[in-house]
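Below you'll find a set of structures to go through.
After this come two complexes, each holding chain A, first together with chain B and then together with chain C.
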Partner chain A sequence: MKFLLQRIAFYLFTAWAAITINFFIPRLIPGDPVTSLINKFQGQMSTEAIQSLYVLFGLDKNASMWSQYIDYWGQIFHGNLGLSFTFFPTPVSDILKQSLPWTIALVGITTFASFMIGTALGVLAGWRRGSWLDGLLPVTTFLSSIPYFWLGLLAITFLAGTDSFFPSSGGYEPGLVPSWNGEFIGSAIQHSLLPAITILISSVSGWILSMRNMMVTVASEDYITVAHAKGLPERRVMVSYAARNALLPNVSGFALSLGFIVGGTLLVEIVFSYPGIGYNLFQAVGAKDYPLMQGVFLVITMSVLIANLVADVAYLLLDPRTRKEG
Partner chain B sequence: MSAPASTVTAVTPEGPVEAAAPAKRQRLRFVANPKAATGLVVLAFFCLIAIIGPWIAPFDPSARSSDLIQAPSGKHWFGTTHLGQDIFSQVLVGTRGVMFVGLLAGIIATALSVLIGVSSGFLGGAADEGLSALSNVFLVIPALPLIIIVASTIPSAGDLMVALVIGLTSWAWGARVLRAQTLSLRRRDYVEAARATGESTWRIITVEILPNLTAIIASGFVGTVIFAVMSEITLAFIGISTISEWNWGTILFWAQSQQALAQGAWWWFVPAGLAIAVLGTALSLINFGIDEFVSPRLRSAGHTKVKTTDGHTVRMRVGFTPVLSTSSAKEPVTPVLRKTADKAKGAA
Partner chain C sequence: MTGLKSPVLEIKDFNVDYGLGDQSVQAVRDVTLTLHRGEVLGLAGESGSGKSTLAYGITRLLPPPGVISGGSVIYHPPGEDPYDVMALSNSELRKFRWAETSIVFQGAMNSLNPVHKVSTQMLDVIKAHEPQLSAEARLARAHEMLKLVGISADRMDAYPHQLSGGMRQRVMIGMALVLEPQVVIMDEPTTALDVVMQRQILAQLVELRERLDFSVLFITHDLSLLVEFSDRIAIMYGGRIVEEAKSADLYKDSLHPYSEGLLKSFPALRGPRKELAGIPGSPPDLRGMPSGCAFHPRCPHAFDRCSTEIPVLGIPEARNDPNRQVACWLPGRVPVG
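Let's look at the complex of A and B:
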């Protein structure tokens, strides 16, 4: 329990740090591109909306940094992230609310699946060191060196097309209205298959490799020798003795590298025009839509923090030592 | 393990020579690792292209011509773009930007990670708490979106700026690993001895501790270069860094924005992507070489199957007692012990 509380405190601290970074980035960098955007939309924006952008980007030069900071926090707590310029006049929070479920479904499920598959293959590769499974390693290294988005481009060229089963872009059939019926869900799954496979192929190798290396290390521990000597079946030694202990560092590695993985997977959304957060970020960058960019960054960071917390709980369940201390 | 054939070969002149060779090459052991050697050769090739690329490129990468969207041919090895630009020249010229940003960002991030990681591990106490909290924060915050946000806020981000942003945001992983290793080194006897003889803290860190961290620092550097190259190409691909400077990401940016896919112009994005993948693989191979150099256990075992005198094969594995499988009994049997155990069971 103490472990969990410590982690929660750390994530709260990180959340604070991320929001503070977000506060300072537009203020430290010279020139304010937001002013010109505000001028462009001058007639169409309410004074309230302009005021919120002033608070977010520190355009009010008269206010002190401290009072700007307080105002900024007040606005974040109200979920007011300003107006998007790309989708004018929709508030940023509404856009994110729409696209977040898509990203969580695609990136969340595939990241988890890739971790599970990679770990399972890594257990085998580490246990049967020197067998044909070692030949997998160079192949997976090559696959993991390919940028996610480029693999996506290849997948679209070779697998998608007008008469193919795989659609090349979008999250669902253009004519459908998002709802919880069979037709829509089927279409959504069909559209997410190709991006999911792309992410899976390029992210799985990292897990295979780290799990293999942990298995190789664990396999020469004394307790494994004892388990062998007791005459336990090979399978049982591999799964309950070696893999169980090798898994722990991999789980904490999973938590730590989530930030890296999520960054890469967002690009897959761009290539497939998938209606998630990553595609929003791409649109925002193209249109220099700073409020949307900042909103996307905040939402991604918060999601990664929550995912980290979940990974920590999993670690807590897997490792009896952390429970004992509490 | 002692098949008669092997004892015969040991007598032939090749035997002693083979045994002596590794001892001579002690210093080059790292290069002798096939993975590291392959990686280093490929990396050297890319460095060479980065230096001479702009001179050997057959065309000006930005020069337009009348050969619009042409497939690879003798004149244009990698084909042409929608403006008739030569893609082969673009890849050659673009290598310099990629290598420059990758190496510079790697150097910046490695320097920061050594500074923060080692001092945090060595100093301990409040300084350690603060510094490791800082690196944990940077580790958890998604790096790529942060880099995108910062780079897009800076007006006209060139190669140097991109390298700075990537270097300043991606040191956390190395710092964390270095801190852990420093913590374990700090209390070793030889460091205590150095402290007892009155060596200054600075000297202990640079002379006693840093040399023992070389492998970790090197692998951290290579890892950061991989990440930096990927991030830079990503920035160029989504159109944040200036598109006037050529790099592999810029090529992909134009390929994507000009609908190369829909036009079936595979040559537009395949060479640049393959170049990225090959460079990334080379760097990963160097990293595996370093890992295996430090921890020989990780080496993928070459010939692990050994023939026994009675014609069975057994697989040798580090940390495992080889178990002979007899063809009559299905379950693995340890040669002598199990038989007596079975007899004992039968007797009982």
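Let's look at the complex of A and C:
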């Protein structure tokens, strides 16, 4: 318990540091969002309007850096991340609220599926070394070495099209209104299949490879020989003795990859024009939409931190050696 | 051990190779050895002499590239027909393991699965072999066994990393005995422990053996330990048994020059002061075994015949004692007949 509290304290500190950096970076970049907004309206704005925009974005030149910083924190705690330029005047938090579920559903589920499938295949490949399963390794490694955007583009070129089952872009049929009905969910699943399959193909081999290698290492441990000598059923030796120990490094890898769900989907969402948070970031960068970028970065930072905490807790549960006595 | 001896494990013409084809080396050659009911048979030799390979081989636990290239291991269950362990199917082998022959391994530190509690690891072996037993009965059995080896009941829920090396090896011994097997193979069970702990564990083992009446194949490089602890001793060199005799006979009157060398390389606790002498040279390389007797390059008594002909293990001419065997060409040690 003490260990856990220590970790939580550490992550709170990291979160503070990350948010602070997030506050300063846009202010250190030459030029400011208001200038770029002024450019967008091509000089058709009065001086009062410009000043009120500065205040609105928390960049009031009359306020000190310190009071801006305090205001920034206050806004974050109210869930107020400012207004987006691209979708002016929609608040950034609303945009994120809309796009986050798409990313989490698509990439979250595929990351989890990839981990489960890859680990299971890795266990088998490591356990039955020299069987046909070893042939899986070069194939999957080859697939994973293809750059992701290329794989996505190939998939779109060959599998998607006007008369194909797979749509080439978007998260759902353009005419539909997002709601929890069968037609919409069906359409959402249909749109997610191609991105999901490409993510799976490019990520599963990493899990297979690392799990297989750990299985091979663990299989030569003394306790595995003892387990065999004990006459335990093969399955139990494989699962409860070998895989259980080999899994440990993979679990932390998995937790870390959870953190990259939000950030690492940029390419997927760009290639498939998927309405997730990565696509938001892409649009924000294109439009110099600072508040939106800041919001996306904040979400990415938080998700990485939470994933790390999850990894710590998972390790605590899985490996008794990391638990402290008492 | 006196009286009628009945065998419990007969190893016949056992051969183990590492690797296949031209690259293979023979780690164990034509070993014939019999373990009798209720006795402690010591197996001694330098590292690389093939003693652990033999232990892994007869339980069919050899990791690849180890291959059993010949021989049989006949197990005699009490009151039933004997059978060959080498001919068992996989499921029969699983049933045989631990229930009839259990093993205590060299690595006391790594023999327990680090992520499971001691109790889980004790219980799963009972569950695998006696599924009809209720959960309470299994737990009671595990408790009782750990008590016998001196581990208190509250350590049942400990993880291996919370136990000391000595405690872990006690747990392993307790686990080896939990199904009351006929044969326990001990592969250097005390090597990783300090001398005091070694003594304690061996004393406990002697006590347990009297109580549970199992036979022990005790493998070690420490001949002094065997002399006091075992009934009979077999000496291995270069994958072959070179001498086999009762402990006392071997200690007082060893016939093979290699056994003699081993005995001279440790001090006796009592008796007159003796000069300590090691064996010159180093153990043979399995890839390039000397011709004839594998020991002849290091043997102080070697003569022409030693480098050309492999000596056969047999009852020596000079001692007409059916309990001893030696493989040596020296006068008087040549097998009868």
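Keep in mind that, in the parts below, the second predicted complex is superposed on the first by the 260 of 326 C-alpha atoms of A that agree within 3 Å, B and C clash if a C-alpha of one lies under 4 Å from a C-alpha of the other, contacts with A are read in each partner's own complex, and residues count from 1 in each chain.
Note that in this section contacts are C-beta pairs under 8 Å (C-beta built on N, C-alpha and C of every residue); 3 or more make two chains touch, one makes a residue touch a chain.
Keep in mind the model is a prediction, meaning the values are calculated, not measured.
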First (chain B), second (chain C), both or neither touched by A:I25: first
Contacts of A:T217 with chain B and chain C, given as first, second, both or neither: first
Touched partner set for A:L232, first chain B, second chain C, both or neither: second
A:L256 touches, of chain B and chain C: first, second, both or neither? first
Contact breadth on chain A, by residue count: chain C or chain B: B
Partner chain(s) touched by A:I306 [first = chain B, second = chain C, both, neither]: neither
Which superposed partner A:Y241 touches (first chain B, second chain C, both, neither): second
Touched partner set for A:L267, first chain B, second chain C, both or neither: first
Contacts of A:L318 with chain B and chain C, given as first, second, both or neither: second
Where chain A meets both chain C and chain B, residue numbers: 220-221, 225, 228-229, 231
Residues of chain B touching chain A in the complex: 133, 136-137, 139-146, 148-150, 152-155, 173, 176, 226-227, 230, 233-234, 237-240, 252, 255-256, 261, 266, 269-270, 273, 276-281, 283-285, 288, 291, 295, 297-298, 300-302, 304-305, 315-321, 323, 332, 338
Of chain A, residues touching chain C in the complex: 220-223, 225-233, 236, 240-241, 244-245, 248, 318-321, 325
Complex contact set, residues of chain A against chain B: 10-11, 13-14, 17-18, 21-22, 25-26, 29, 31, 33, 129-131, 134, 137, 141-142, 144-147, 149-150, 153-154, 156-157, 168, 213, 216-217, 219-221, 224-225, 228-229, 231, 234, 256, 258-260, 262-264, 266-267, 270-271, 281-282, 285-286, 288, 290, 293-294, 296-297, 300-301, 304-305, 308
Residue numbers on chain C that touch chain A, as the complex places them: 59, 61, 63, 93-99, 102-103, 105-107, 110-117, 124-125, 128-129, 159, 161-162, 172, 175
